[in-house]
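Following this message is one structure expressed as structure tokens.
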Amino acid sequence: MWIIDAMTKTRIEAFSDGVFAIAITLLVLDLHADLSVIHQWPAYAAFVFGFLTIGVMWVNHHHLMHQFGHVDRVLLFLNLLLLMGIVFIPFPTALIAERIRGGDARAATLAYGCTGIFLAIFFNALWHYGAQGRRLLRADARVREISGITRSYLPGVPLYLTGTLLSFASPVASACVYAAIAVFYAVSNTFFGKEPSG
Amino acid sequence: MWIIDAMTKTRIEAFSDGVFAIAITLLVLDLHADLSVIHQWPAYAAFVFGFLTIGVMWVNHHHLMHQFGHVDRVLLFLNLLLLMGIVFIPFPTALIAERIRGGDARAATLAYGCTGIFLAIFFNALWHYGAQGRRLLRADARVREISGITRSYLPGVPLYLTGTLLSFASPVASACVYAAIAVFYAVSNTFFGKEPSG
Amino acid sequence: MWIIDAMTKTRIEAFSDGVFAIAITLLVLDLHADLSVIHQWPAYAAFVFGFLTIGVMWVNHHHLMHQFGHVDRVLLFLNLLLLMGIVFIPFPTALIAERIRGGDARAATLAYGCTGIFLAIFFNALWHYGAQGRRLLRADARVREISGITRSYLPGVPLYLTGTLLSFASPVASACVYAAIAVFYAVSNTFFGKEPSG
Amino acid sequence: MWIIDAMTKTRIEAFSDGVFAIAITLLVLDLHADLSVIHQWPAYAAFVFGFLTIGVMWVNHHHLMHQFGHVDRVLLFLNLLLLMGIVFIPFPTALIAERIRGGDARAATLAYGCTGIFLAIFFNALWHYGAQGRRLLRADARVREISGITRSYLPGVPLYLTGTLLSFASPVASACVYAAIAVFYAVSNTFFGKEPSG
């Protein structure tokens, strides 16, 4: 039975890794499709920004799944919905890059914010579903690490909600908030995160 | 010999996971290619709908392959044909999203229905080929789970056939049937499906 | 040392599976990019044909790599060149679908034929490099299976060369030869091939 | 703990393999998107050249990661930045293919050179971070192999810097330098590289 669980979890991770890898790679198609961007920095900024955002989320997903010892059908579907949000990221990122200085700036930052809220909700849902009463946790998952993950996911929804509401006042300010959230997560994960083997 | 079989099955799963992951991720390209969809909900609906459809089929494929202990060449090719249908899904889904309110609505719902029938046939073929006389089943695969899968695959062909025939009367009604089939499978799989470790 | 080799071989297979999976999935983009193909059968034929061709080559690659117990740098690069040919397949396939009834039919069938010859050469090169003096073969690889693979790869180059030369006389005849080669390999692999566990 | 580390490293490799596989396969989309390239050799040259460049970097990445016994968060992020460079390669490669004979030749070779410098920096960073004081090295990693890798990464930055600076004098000369670097790495890796199994 242990073997069966392990195989199943492995296949979810493989599928998720595939989706992350493709979503992160498709970002370059936005540059590709239009070689005239050679002199336009917003397209490059969107590429770098989208890449790091998806990359940080991959690291988080990795860290989260690592705490689970087995999986069930509900987790499969929560994970599927989370991946739907991941795959969607390049679209509002490209929208912001193209529209931030034009008439549709607000629609672009709203779209990005809603994607962020969606992702924050499903990262929390995935984690709480599996960690609640240690439903899916590994037997040796440590209390400190578990509460650390729970804490680190708390600010996600309020942060993205703030950025989304700011869209109505100033799309540019909203885009800056999104950038700050991404940098905050990247830095806190790299330098203050627990090591996988911690 | 056991090791050899296990490796081979692993590689089929890895390849299948890759194809599922790519097919599901390519859906976002339809949004990407045309940033003007920002105000058009059918494109978003097609994205969500296509994503969940492929996702549910991935869960089913996962569950099915899990019952098999080894594979043979015929299964490899049945699986290949099934994957061809999976990869095709985004195309009629996009057709419906674009054409449901225009002149080609019938062609779009017919294309979707034929894809659904094709998929239902090959899900059944894959399963029956492997389960017939326990040809490829794991030694410890349980009779109850096997007959459960057999039963759950039975309505696929008639359901999609109904939707396809309805295209001639009303493409919109046909599209609603497809949506209902997808929701039915998603819900029944998530809440009533057997757990992998069951 | 055995572990090291096994890991390395696993990573080559994972990378190859990824490339095969992506190449086979990208075929649907040709339909996607232009939703107007809804009434044009050559585009569908190219999709099915390209999918089966890449799929059969994946099965062959799988079977071939299965005989190897370890890998070296030269094999890595031969495999890379083979994958370059695999990734290229959708391009001449699409060319034939679009041009077979127009002025560039000959260029299209020539491009397809050269791709086929390239692939046949590198399948042979990969196999002979690894099998020569049992350089990379598993200790338990059987003589009968080895000579079976050697024999099955022999007709590849002459067959595709015939199709390529036929291009100058009649592009349509040439396309029929390519279709016959693909069907021949698909059928012979499915029904007459040795089982992986054979 | 050993198991945990090994799993984590496996998932990084799987994710990296996915990104490499997708980046290398997307190259063919540049041909695909415009079937009129049938008579234009620079597009084919860019395909072959980009494929081999990414392929050689995959082999190097493979060799490098193979020396590591475990990973940490900083390595995860250095690897992410390296992958960002890998994914970017097809873009300046396509630029050179399209622009080398036109007015934007300098911008194209500058873009390629900066990508090469970025990649050389992060290959060195990844390696030195992990090898410094044997931080992440396997217990059985050999001194000779380690210093061999260190040496082979040294010329990367100066070589690409030379090509980049040459852009100002002659874009064509610069492109030739890039081609020479790629051929040098491919040949030295295939014929003079240490075998994975040392």
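First chain written, first letter: the chains are A, B, C and D, and each begins at residue 1.
In this section, a residue touches a chain if its C-beta (ideal position, glycine included) is under 8 Å from a C-beta of that chain, and two chains touch if they have at least 3 such contacts.
Bear in mind that the values here come from a model prediction, so they are computed numbers and not experimental data.
Chemist: When subunit A meets its copy subunit D, do both sides use mostly the same residue numbers (more than half shared) or mostly different ones?
Modeler: Here the answer is different, because the shared fraction of interface numbers falls below one half.
Chemist: Just how much do you need to spin subunit A so its Cα atoms sit on those of subunit B, in degrees to the nearest 5?
Modeler: 90
Chemist: Relative to subunit D, which chain has the most distant C-alpha mean position?
Modeler: Max centre-to-centre separation from subunit D belongs to B.
Chemist: How far is the middle of subunit C from the middle of subunit D, if each middle is the mean of its Cα atoms, in Å?
Modeler: For subunit C versus subunit D, the centre distance works out to 26 Å.
Chemist: Could you give the separation in Å between the centres of subunit B and subunit D, each centre being the mean of its C-alpha atoms?
Modeler: A distance of 37 Å separates the two centres.
Chemist: Which positions in subunit D are in touch with at least two other chains?
Modeler: Only 14, 18, 21-22, 26, 29, 33 qualify.
Chemist: Enumerate the contact residues on subunit B facing subunit C in the complex.
Modeler: 1, 4-5, 7-8, 11, 14-15, 18-19, 21-23, 26, 29-30, 33, 70-74, 76-77, 80, 83-84, 87-88, 90-91, 94-95, 98-99, 104, 107-108, 111
Chemist: Show me the residue ranges of subunit C that touch subunit B in the complex, using the header's touch definition.
Modeler: Checking each residue of subunit C against subunit B gives 13-14, 17-18, 20-22, 24-29, 31-33, 35, 38-39, 47-48, 51-52, 55, 58-59, 62, 66, 186, 189-191, 193, 195-197.
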